[in-house]
């Protein structure tokens, strides 16, 4: 999984029928120092992540192992809202500290 | 999924029989500021996207979770036509505004 | 799918038994202006592509959705010989014009 | 698989139910000379890897071929703790030597 | 598939039980001129490749289409030992010539 920050939303009305009801978040990947990278994903969300939160993104077929059906053309999902990231014995990010 | 702009078409007569009837669009990826990237995909299209529209592209095995059969050698599909992209609380793209 | 140009062949006698009889082409990817990129693939071929032809390459599990068996360790296939590529309303490539 | 060094942990309480009980390690990839690369993964761990150990990381659908269930949105797993890496007839890394 | 050169081995005792008995080779990718790239993989080997040989590497789910079981967390396999690579009508590599 990759660490990403929620930075927006994407709305699509004319889409594959199996994607109806899926919320699409624009998430931007973070490097291991917590800085924003230029890479992003449009990821489905079922955990209810909000803007500026740090999240875990699963890509590939793993993104379809969520919910009752894996027959949807989704290749990226938010699979968790991050509480803390610890690197080299220090806390890089803690959700409680009001977002870094 | 990635955000891309439809910029052309690819025609192939001599191809895998299971690909007959699939329309191939040439789509070019956009960065998170909406600028064209050099990377592209040739993606199947079932939603009827047109030139210059912004679309959502699913890649990998997700691209086969469309239609009645997943037994086709397709690794990229247009899965939605984008209405709006919102980033950092402003509208980056709105289809109604005649394409950016 | 990616657009590539056939530029060679790879022969392997000592290989996975399920790969016997598969023809391996060396294909080099093209950018969206039709210029050769340094990236290549060794792709299986069942459509009979020849040297210098432009082809469509599918990668990942899609490459196994060809022929009667998907139980082969192949991650790239030539899935079509390209007739024309149109970008931004002009013809980038036409097979009839004796290869660009 | 890629060679990586365990450098931290990620904690997420609000996540996909199927991920409960999975320990997430932050691992940073190493190049073929054993130097740290900027790329990282958040990988599930079932082998009990500790900080600073060198591990093997499997990504993609391979990461779900672990344990009793493959119905989890995980795209990276620690699949082994490395004892030795030999390159060009010399030992690049040996766990017994107290981590390089 | 990618072309790679065998340059070492990786040993792991503490690993996923399904990986017992799998030999792991460190292989370094080659560009289309046969020069070493910095990218490598740790790949399973069932064809018996030796150091300095050029091999074909399959990645992703294709790597599990080898042997009797595909329930192993392996994302890269040596699937063939290369005899010859021909590019642009000349021989880039021939195994008989004692490795290039």
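Structural remarks
In this document, chain identifiers A, B, C, D and E correspond to the written order of the chains, with residue numbering beginning at 1 in each.
By our rule, a contact is a pair of C-beta atoms (placed from the backbone, for glycine too) under 8 Å apart; a residue touches a chain by one contact, two chains touch by 3 or more.
Here the structure is a predicted model, which is why all the values come from computation and not from measurement.
Traced through touching neighbours, the fewest hops from subunit A to subunit E number 2.
Averaged Cα coordinates give subunit A a centre that lies 33 Å from the centre of subunit C. Mean C-alpha positions place subunit C and subunit E at a centre distance of 21 Å. In subunit B, the positions touching at least two other chains are 60-61, 63-64.
Each chain touches its neighbours in a single ring, whose members, counted from subunit A through subunit D onward, are A, D, E, C, B. Interface residues of subunit B, counted against subunit A in their complex, comprise 1-3, 31-32, 46-48, 56, 58-66, 77, 79-89, 92.
Those residues of subunit B lying in contact with subunit C across their complex are 7-16, 18-19, 24, 26, 28, 38, 40-43, 51, 60-61, 63-64, 70-76.
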